[in-house]
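Have a look at the structure below, then the notes.
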Amino acid sequence: MADFLSLHNAVARYVEDGATVAMEGFTHLIPFAAGHEVIRQKKRDLTLIRMTPDLIYDQLIGAGCAKKVIFSWGGNPGVGSLHRLRDAVEKGWPCKIEILEHSHAAMACAFEAGAAGLPLAVLRGYVGSELPNVNNQIKFIDCPFTGERLAAVPSVRPDVSIVHAQRADRQGNVLVEGIVGVQKEAVLAAKHSIVTVEEIVDELNAQPNACVIPGWAISAIAIAEKGALPSYTHGYYDRNNRFYKEWDAIARDREAFSQWLDSNVYNAADNAGEKA
Amino acid sequence: MADFLSLHNAVARYVEDGATVAMEGFTHLIPFAAGHEVIRQKKRDLTLIRMTPDLIYDQLIGAGCAKKVIFSWGGNPGVGSLHRLRDAVEKGWPCKIEILEHSHAAMACAFEAGAAGLPLAVLRGYVGSELPNVNNQIKFIDCPFTGERLAAVPSVRPDVSIVHAQRADRQGNVLVEGIVGVQKEAVLAAKHSIVTVEEIVDELNAQPNACVIPGWAISAIAIAEKGALPSYTHGYYDRNNRFYKEWDAIARDREAFSQWLDSNVYNAADNAGEKA
Amino acid sequence: MSLEYTASEMMTVTAARALENGMTCFVGIGLPSEAANLARLTHAPDVVLIYESGTLQTKPDVLPLSIGDGELCESALTTVSVPEMFRYWLQGGKVSVGFLGTAQIDRYANLNTTLIGDYASPKVRLPGGGGAPEIATNAGEVFITLKHSKRTFVKDVDFITTLGFGRDGKGRDSVPNIGRGPTRVITDLCVMKPDPETKELVVTSLHPGVTREQIIEATSWEIRFADQLESTPEPNARELEVLRELKARTDRHHAGE
Amino acid sequence: MSLEYTASEMMTVTAARALENGMTCFVGIGLPSEAANLARLTHAPDVVLIYESGTLQTKPDVLPLSIGDGELCESALTTVSVPEMFRYWLQGGKVSVGFLGTAQIDRYANLNTTLIGDYASPKVRLPGGGGAPEIATNAGEVFITLKHSKRTFVKDVDFITTLGFGRDGKGRDSVPNIGRGPTRVITDLCVMKPDPETKELVVTSLHPGVTREQIIEATSWEIRFADQLESTPEPNARELEVLRELKARTDRHHAGE
């Protein structure tokens, strides 16, 4: 049964220095408020897993929280590069980070396998790609029935997964609606999980086959109103596309980035997501 | 894009003698009307795949349509045995049939793998069970990352899958709601697919994450009102539990069974599902 | 004050009491389903019931006849696909206890639901494994409930459909990522638990009024009794009332169309 | 009658025309998304657009900035999880064409979106593979669209993120269950197709007003031209009108909060 905690307490309890953390949300429902809380609590040496690092990981990397990033597409969608990620990879600022790079298909399968309790995911993937040359976690197996060569990757099983969702009921059951990404898989694959929600309601009013994560499969629930901004929450508010474009200029410059971080994260309450 | 056909024409076009056929529906949405049409058209030598053979396969087997059954639980749920299945396996009436037996977990994974276009499914399964001794399609592989021994089974990829669903829109998109079983997987895993529906509507009115199978992933759609009876269609009609209990006596006796088949299938229109 | 109750009611109530509030239980149809729902309606309102049809956290008002009755879906928190049920919820380690019935059980709690006789030409063909083989290995532990008889309690099952502790009691030793297996067997006569060393089933508790002889008579192997043999507590009035109402509602429901 | 249009519009219209009505297209963000939606709004109303965010058969009214904008979900037939998208729909063989952009392409249509320079210490770190590596091998065929320049059209990519035809043109030979790969590349100057034998990209059609010299100038390898070199048909008035309205709607939409 999930505990209802403040975002501060949830992050303090479950995100330890050195932990492997997956903050998921495929463009939609990105847990920015929680990410900012991780920055404020100055967590260090995190291994950050995420299919699409996006601005949230750019911010975490720029703030010095990460020692390693496992990902499959690290850009500012529709805008360009993640300059903080690039600065860390290319120039080691604020610290050198290691990267482990996959394709989306492999990471999606790895989250699925993690949720399914398996040690590996098998896919028809990486054919002719040079990614297996630079990622020693990509192996190949032969199908015992057909002899076909298939790719295998380790499943994703984070210490903590953090996702954002529309709402929880008072038993901690969570409804995720719209672009559901790998959020459910991230929660189920992890040892611990934090779900931030827009609101807590008496009744979820979910359809029979809705994506609902039961409270007993979640460690902590924290309210974070507008906790996904500048990404969006289907049914609650739209994506702030303008901020995504503005981020390009902020992140290009170490100074501008540090100032932004001071004003919008360090010196903000834990509902900072609202202002992003 | 799915063709809208009569049930007769859909079965005539896609179910060939000797074909591998999956009629799915996990207790819910069992495609009885379509099964009866297969019996009426006297299809022979079918390899029938289904997790829970249920009455529909008992009838097909008793009618002499099957040469092989691949399954994981062959009973009359909550009532007892499938007497036609037993008579065929134990005494070869009306013909000897071969069986290939799995666990639910393995078959569910095999349908999933079939939908995913893979040749095999990998699961943590069959540990200590003697099923691998009698089913040579169960193999074991070693995880290349952890060394753990895991079970592998071939994926299910039928020539034809037949499922029943609530409704289709005029573009052939189908909504499946409630206990969705492996229906979507069966359709996606098959070379051809027939979906029978209660009705065709202008708008599906589906929720954002509803189980909807697009028309372009289906071969044929046929209207079969009450086409799942004596099983049920969530939102349309209930399960006829009484008939499931009555079936025990009908199926115990070859004569009683043959008479039932004459009255309710051979001499019935293709909406026979209604009377079952 | 003593209440009137049947041996079958005694079995169901005892099985129900095995479930603790807050457990997550993967429920087999029939006796396990009856016991699990009785638990939910009495001492364990927050027990989470999962059926293999994909219904998560369901609260049926009547007992389902099949594993996928409409009642299960309508009263569930949500309903997932069957592959997801087996992959994410069972294999993913979210189930604390699997509650199973069986046709045959042996002294090492191996279950046979496949056949009596020889596989190639069976004397009796049974329905098969269903969800049990992986429930028994992927759930945290397993409870088993069935009626006690010489026909069902055999020394060695004809076929191990579902692992208890194997042919020699060592079937789970050094297997990674496997549950604890059967931790108790509840019958209409007694409760049995595996010996901590040998894993052979041992009677640990006699139901009220049942004698050792009755159990010896109903078991095909030389059954052992625990040194500290307990007496199973009787059903209380509320348990019997709730169970009888549940069964009456269920009968009325299933008699209809 | 000749219409005024830009090279960029010429590219988008040509890319759009490559999509046939009824095709099932896995759409990359940016130029492919623009072309695919133009196709849907003009000659191919029944083209099925799929985005890797899980949105199946979507009909956005404005172009998404990201691959997962709300617009995509709201106008989709349904939205599935990302694992299901890659497993059932792409790997399951339901996609007839993958429509990709890229940062770098080489003469064998291999794509690089990983980095410029050396992997350990890159000169420029690019976003990475995303969905492309498996779109390129699991879709029936692949269309690629990008602007033509010496920087983007290189003899050998620094890194093969996504297979075209490999370092020697034989990368797909005797690989089971693999799509046909890139069948056309559409730029702002021309259309290229792989030579049926060698798989080297060959210019098959020049856009109106473009010279061979311009293409040679904008390509880092000694580009070949087909014997039967065609002239790409000009955009028509309706295509230009629909495209311009789409882009105007999109700009207005993304300028807002």
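For reference, chains read A, B, C and D in written order, and residue numbers begin at 1 within each chain.
Everything that follows uses one rule, which is that contacts are C-beta pairs under 8 Å (C-beta built on N, C-alpha and C of every residue); 3 or more make two chains touch, one makes a residue touch a chain.
Keep in mind it's a predicted model, so treat the numbers as computed, not measured.
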So if I look at the partners of chain B and the partners of chain D, which chains show up in both lists? A
Can you tell me which chain lies farthest from chain D, using the average of the Cα atoms as each chain's centre? C
So which one's got more C-beta contacts, B-C or A-C? B-C
Separation of chain C from chain D, taking each centre as the mean of its C-alpha atoms, in whole Å: 57
Just curious, how far off is chain C from chain B if you go by their C-alpha centres, in Å? 28
Could you tell me the distance, in whole angstrom, between the mean C-alpha positions of chain A and chain B? 39
What positions in chain B touch 2 or more of the other chains? 112, 117-118, 123-124, 148, 178, 180, 184-185, 208-211, 234
Per-residue overlap in chain D, given as positions that touch at least 2 other chains: 73, 79-80, 87, 91, 138, 177
Identify every two-chain combination in which the chains touch. A-B, A-C, A-D, B-C, B-D
Can you name the residues of chain C that touch chain A in the complex? 22, 24, 46, 48, 56-57, 73-74, 76-80, 87-88, 91-94, 138, 177
Would you pull the chain B residues touching chain D in the complex into a rising list? 1, 112, 115-118, 173, 184-185, 188-189, 206, 208-212, 214, 216-217
Looking at the complex, which residues from chain B come into contact with chain A? 117-120, 122-124, 137, 139, 141, 143-146, 148, 150, 152, 154, 177-178, 180, 207-211, 234
With touch defined as at the start, can you tell me which chain A residues reach chain D in the complex? 26-28, 51-52, 71-75, 77-79, 81-82, 85-86, 89-90, 101-106, 108-109, 111-112, 123-131, 134, 148, 178-182, 184-185, 211, 232, 234, 238-242, 244-245
Residue numbers of chain C touching chain B in their complex, please. 29-30, 52-55, 64-70, 72-74, 79-83, 85-87, 90-91, 110, 114, 119, 121-134, 137-138, 159-163, 166, 171-172, 175-178, 253-257
